[in-house]
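When the chains are written out, they are named A, B, C, D, E and F in that same order, and each has its own residue count from 1.
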Amino acid sequence: MFKHEKPMLHPVKVDAPNPQYAAMLQEQLGGSNGELKAGLQYIAQSFRIKDQEIKDLFLDIGAEELSHMEMVATMINMLNGHDLEADAMSGGSIQAHVLGGLAPLYTDASGFPWTGVYVNCTGDLPADILSNIAAEQRAKVVYEYLYRQINDKGVRETIDFLLNREEAHNALFREALNKVQNDGSNKDFGVTEDSRLYFDLSTPGKFFEHPFPTPPSFANPNQAPMQ
Amino acid sequence: MFKHEKPMLHPVKVDAPNPQYAAMLQEQLGGSNGELKAGLQYIAQSFRIKDQEIKDLFLDIGAEELSHMEMVATMINMLNGHDLEADAMSGGSIQAHVLGGLAPLYTDASGFPWTGVYVNCTGDLPADILSNIAAEQRAKVVYEYLYRQINDKGVRETIDFLLNREEAHNALFREALNKVQNDGSNKDFGVTEDSRLYFDLSTPGKFFEHPFPTPPSFANPNQAPMQ
Amino acid sequence: MFKHEKPMLHPVKVDAPNPQYAAMLQEQLGGSNGELKAGLQYIAQSFRIKDQEIKDLFLDIGAEELSHMEMVATMINMLNGHDLEADAMSGGSIQAHVLGGLAPLYTDASGFPWTGVYVNCTGDLPADILSNIAAEQRAKVVYEYLYRQINDKGVRETIDFLLNREEAHNALFREALNKVQNDGSNKDFGVTEDSRLYFDLSTPGKFFEHPFPTPPSFANPNQAPMQ
Amino acid sequence: MFKHEKPMLHPVKVDAPNPQYAAMLQEQLGGSNGELKAGLQYIAQSFRIKDQEIKDLFLDIGAEELSHMEMVATMINMLNGHDLEADAMSGGSIQAHVLGGLAPLYTDASGFPWTGVYVNCTGDLPADILSNIAAEQRAKVVYEYLYRQINDKGVRETIDFLLNREEAHNALFREALNKVQNDGSNKDFGVTEDSRLYFDLSTPGKFFEHPFPTPPSFANPNQAPMQ
Amino acid sequence: MFKHEKPMLHPVKVDAPNPQYAAMLQEQLGGSNGELKAGLQYIAQSFRIKDQEIKDLFLDIGAEELSHMEMVATMINMLNGHDLEADAMSGGSIQAHVLGGLAPLYTDASGFPWTGVYVNCTGDLPADILSNIAAEQRAKVVYEYLYRQINDKGVRETIDFLLNREEAHNALFREALNKVQNDGSNKDFGVTEDSRLYFDLSTPGKFFEHPFPTPPSFANPNQAPMQ
Amino acid sequence: MFKHEKPMLHPVKVDAPNPQYAAMLQEQLGGSNGELKAGLQYIAQSFRIKDQEIKDLFLDIGAEELSHMEMVATMINMLNGHDLEADAMSGGSIQAHVLGGLAPLYTDASGFPWTGVYVNCTGDLPADILSNIAAEQRAKVVYEYLYRQINDKGVRETIDFLLNREEAHNALFREALNKVQNDGSNKDFGVTEDSRLYFDLSTPGKFFEHPFPTPPSFANPNQAPMQ
């Protein structure tokens, strides 16, 4: 069961309206690496998981990402300001001004609607956790790009919080991956000689040796840095 | 802030696995009138609403719809059973068997991924509430179609609960509409002669008179039926 | 059978080219609440309707919406002017300048292509009519947003006509809904106690009472205002 | 302005219900080479055309394709019969049984919704006419595939009519292409040596000589066969 | 088997960064008439072709189009320059600045992702070749639109090469069509009286005569211009 | 520059036609974890990479994935057999029978067309490599699901080869990730206290401790297993 509480997970600050930046920030509301995608991906994966610890982890983070989505939407709402004026904007989606009455919408920065295609769910724990680790890293990168394109101090502080949370999730998912190292698609890890070939198909240049596949595991995930 | 509690909003019952019906039920998980759509639509609309009563109503129902989504996904999970066997299914999406390892996915019954296009959000209260009333009625209809195509008693009881909840929401949204009868797109309801014309463009046949537009309001919404 | 006549349903006026506004107006040609959507929705619904009066109404309005689509496309065509110059535009779709040779396209204001997902058709009359009423109200809202963002007198007059027609259709659809109050999904309107619950899932705040569902009907639709 | 007349352009016959075939036939209602695509493509192209003869041709054929769409939808409606029973169907879209109440929908045979992406419109007459010629040939091919998979005599006669009309349109478009041989993208047909090269990139095998580009024109389009 | 070689098929020149033009040029990387579409369309068609000469032609041109895609992506990469600055751009996709770190993406100029819907493949040679001829002509038109909107000499030279190659392919495909004039959908070219009708559905105006369909063939394809 | 050679990268074997399995196998041709996605993802990422060793690796694997796509398409082609007969198929896409003349198409097993949305490209090396590792693991999982649903020995051998190649790529990408451990989004890895919080939002249950984020690196990637 899902519940909602009126207070935000973390305070949202915006110093001044900035409709152009609101359009850019849409990327993290309704884009391919945004908060809605993250939340719905982890929740979808949780539905069939039997491991109670990992199921709980996915739902903890899934609910947090929905709460991030609410924060991003609130920032967009404040950045959109009060004036319908699509032609004062430069690039990006103008839907807020012609369709949504300045409300945040589930689209990316170019107005492309959120799609279930963003969600990776294979029913296999190692694969799903690797998808989540990659998703968190990409989300961090997008926040870095957005951070560099605004000076608004409130927005920067809010993005900084969200960006740090992606790191937290990434570390937790890496720890979870190591826990399932012998499960699902990693179980009975038998490979043939075919997996040790290297096809040098782009020429000139060959810089990597023949691979010797092993199940993926992360070095020292989620460990306190040495003093 | 969103939170999750492990118990379902209402118990989910499935008497026997039925992968074909699982594929059909996907329509109410990831389809155009499904639970994810309903939940995300009301939440999206809530972001910019200033009226605290209606904002709370939208978030109450939005959180409930996410909880329905969890119920539908759980039913699908149980109906999918334990055997990957796409070619034993007749029509509908086979993605659970070739992509998702029998996990529920955000697609409709034909495998088309959920899209933000399903969500109607205009930033205008009367328009958004009318969209919600229509959405609830359509969801009810889809549940009726699904109800008629299965004999599984557990599934029927669960669908019956979900169908009744659509009625509850519909009645509440109608009451909300009457509250905003003079707001937003209903404000200053001035129309010209153009709104009173009838263009009889499909011939033969004309059965309706010239319209005299007024703001939409529902007759006796949400009132106890007379004894 | 569909036929076309060269004269427009209503004269289209544009005082001066304005490519940026042309991009914005695309929303009502190929967007989610635009004229193509309205026309194709009512036509789709008409295909299986047995009630001859309502079938005729849907086809009358469906044909009118296609005629509105032609008017909007003609406005866009005139607003696009004669110069390919995508970089002189601010936000919104630039496809007219790089793909379409300034021809109107079936996309929304951000360049997202029209999709059949916009069309609501359930084969149930009460649900479909409620969808249409909501669609008309949303279309009106989008025209209001567009109206407020231009001073071109010709464009404003044309938009005013189209906006008034949405009101006309809305009133007619409300009248139609009341006619089918005991049909389809409204028939045998039996609901259980489950439909009278209120789940207060967003806290703090609860402002609505328990619902008592009844079939939806509109108060005084399509009635002449009192003198 | 568009108008609708209740009689079909050509009688539609179906000998017996066949829900599986209805799903297949959806390809020509809402698929990539279907009637809706054809109609909307020619109408879109017509909006900016200045040549009155070709504009009229496009609108004549565009209106005819909308009338074909109505015929195909009517066939689907009859083939769908009267029983919701998705699990009795083999492959293809089951939406009619779980979403649409057996009404025809704007999707292809797999349930993928119609999209504006299907429509080719460049604002250039030679390119647009070539697109139309290709579209007509593809539509003919799909009807041939559908024809071979049913024995229902009524359906076959109706498909035969539609298939023959594609040929008619194809011939007319070829004639139109030859009329604009020196316009638009064919005007000032200067090419450089780069256009005369042949890159033999798939090996082994080279069977064509270096090209010598000229504007495309069709041999004897639309000419009465010799007696 | 596909192989890659580091040198480009043809040198790519860009005189100066121009992020706005990079966004426009995306149309030919990930748009409906772009290089990726062309390459993947011809490759898809090749998979089932039995005629070895035409299969080789499709794969020669398919591989060349992938090589063009690489050239266009390289141009976009250079035009994007080095500064993330979405709000300095006017219309078009801003994804490079908020999602892709200035890398070229498979989207069109408005940020709409490339879709398999662009690819026409019917398994019928005459239809597929006609699709290719139309695709080449449309690609040429888009390059013409792009050429007219930039003064950068390097970009213009590169576009000029690509545009000329479309002409080369067009001429080769026309030659191929004439080779298959009696195959596939052109075989047993029997048509009924229905194919000779003209429905004058857009009034006033009728400028074309009744058609007399014959299999399509091109006049003098790929012939050296007279001296 | 891309080139094509007629021989396959590895022999493709199919013992007997099986149209239903052909539809299922479409998932690895045009689906979200299929070969086309893999190939185009690595190629897209390569366009802006400056590190020559990693650029070469991405293009080696990208070209190999296109070659796998050719193998999968060839398998589908053989499995489709020679008879158009959509209604003999159970679940999954029937497009091959009504649209494609039994040719392989760029769609997934449900007929949903390939989309650029599948491609993850952020312009950041650590994020992109993590995306690739996840993609390879998911592709392996889908091949495992497909392997379990067929007894055809030839198909099983071919899938076994492809599955092993995913392992090879996975190992190589892990090695590449460790090479860029201090680059891009991993550079200056400073995090705040916010990254060390754990929000226990799904109750009851909390099984993971507070995270201590570090840059991701893999344990012993690509190392020969001990004897």
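Throughout what follows, contacts are C-beta pairs under 8 Å (C-beta built on N, C-alpha and C of every residue); 3 or more make two chains touch, one makes a residue touch a chain.
In UniProt terms, the chains line up like this: A, B, C, D, E, F = Catalase.
It should be emphasised that the depicted structure is a prediction, and the values quoted were computed from it without experimental measurement.
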Legend entry - Set of chains adjacent to chain B and to chain C: A, D
Inset, instruction - Superimpose the Cα atoms of chain D on the matching ones in chain E and note the rotation angle, 0 to 180, in steps of 5 degrees. - result: 180
Legend entry - Whole-Å gap separating chain C and chain D, where each centre is the average of the chain's CA atoms: 27
Legend entry - Whole-Å separation of chain centres (CA-atom averages), chain C against chain F: 41
Legend entry - Averaged-CA centre spacing for the pair chain F and chain D, given as whole angstrom: 34
Legend entry - Junction residues of chain C - those touching two or more other chains: 1-5, 9, 23, 32-33, 59-60, 62-63, 67, 90-92, 99, 101, 107, 110-113, 115, 117, 122-124, 141-142, 201-202, 205
Inset, instruction - Could you draw the chains as nodes, link the ones that touch, and say if you get a line, ring, star, complete or other? - result: other
Legend entry - All pairs of touching chains, each written as two labels joined by a dash: A-B, A-C, A-E, A-F, B-C, B-D, B-F, C-D, C-E, D-E, D-F, E-F
Legend entry - For the chain F and chain E complex, residues of the former touching the latter: 1-5, 7-9, 30, 36, 40, 44-45, 47-48, 59-60, 62-63, 66-67, 70, 73-74, 77, 99-107, 113-117, 119, 121-124
Inset, instruction - Going by the contact rule at the top, pick out the chain E residues touching chain D in the complex. - result: 9, 32-33, 52-53, 56-57, 59-60, 62-64, 67, 115, 117-118, 120, 122-124, 126-127, 130-131, 133-134, 137-138, 140-142, 144, 160-161, 164-165, 167-172, 174-176, 184-185, 191-192, 194-202, 205-209, 211-214, 216-225
Inset, instruction - Write out the stretch or stretches of chain C touching chain A in their complex. - result: 20-21, 23-24, 27, 31-33, 90-92, 108-112, 141-142, 145-146, 148-149, 201-205
Legend entry - Contacting residues of chain B [partner chain F, same complex]: 1-6, 23, 84-95, 97-99, 101, 107, 110-113
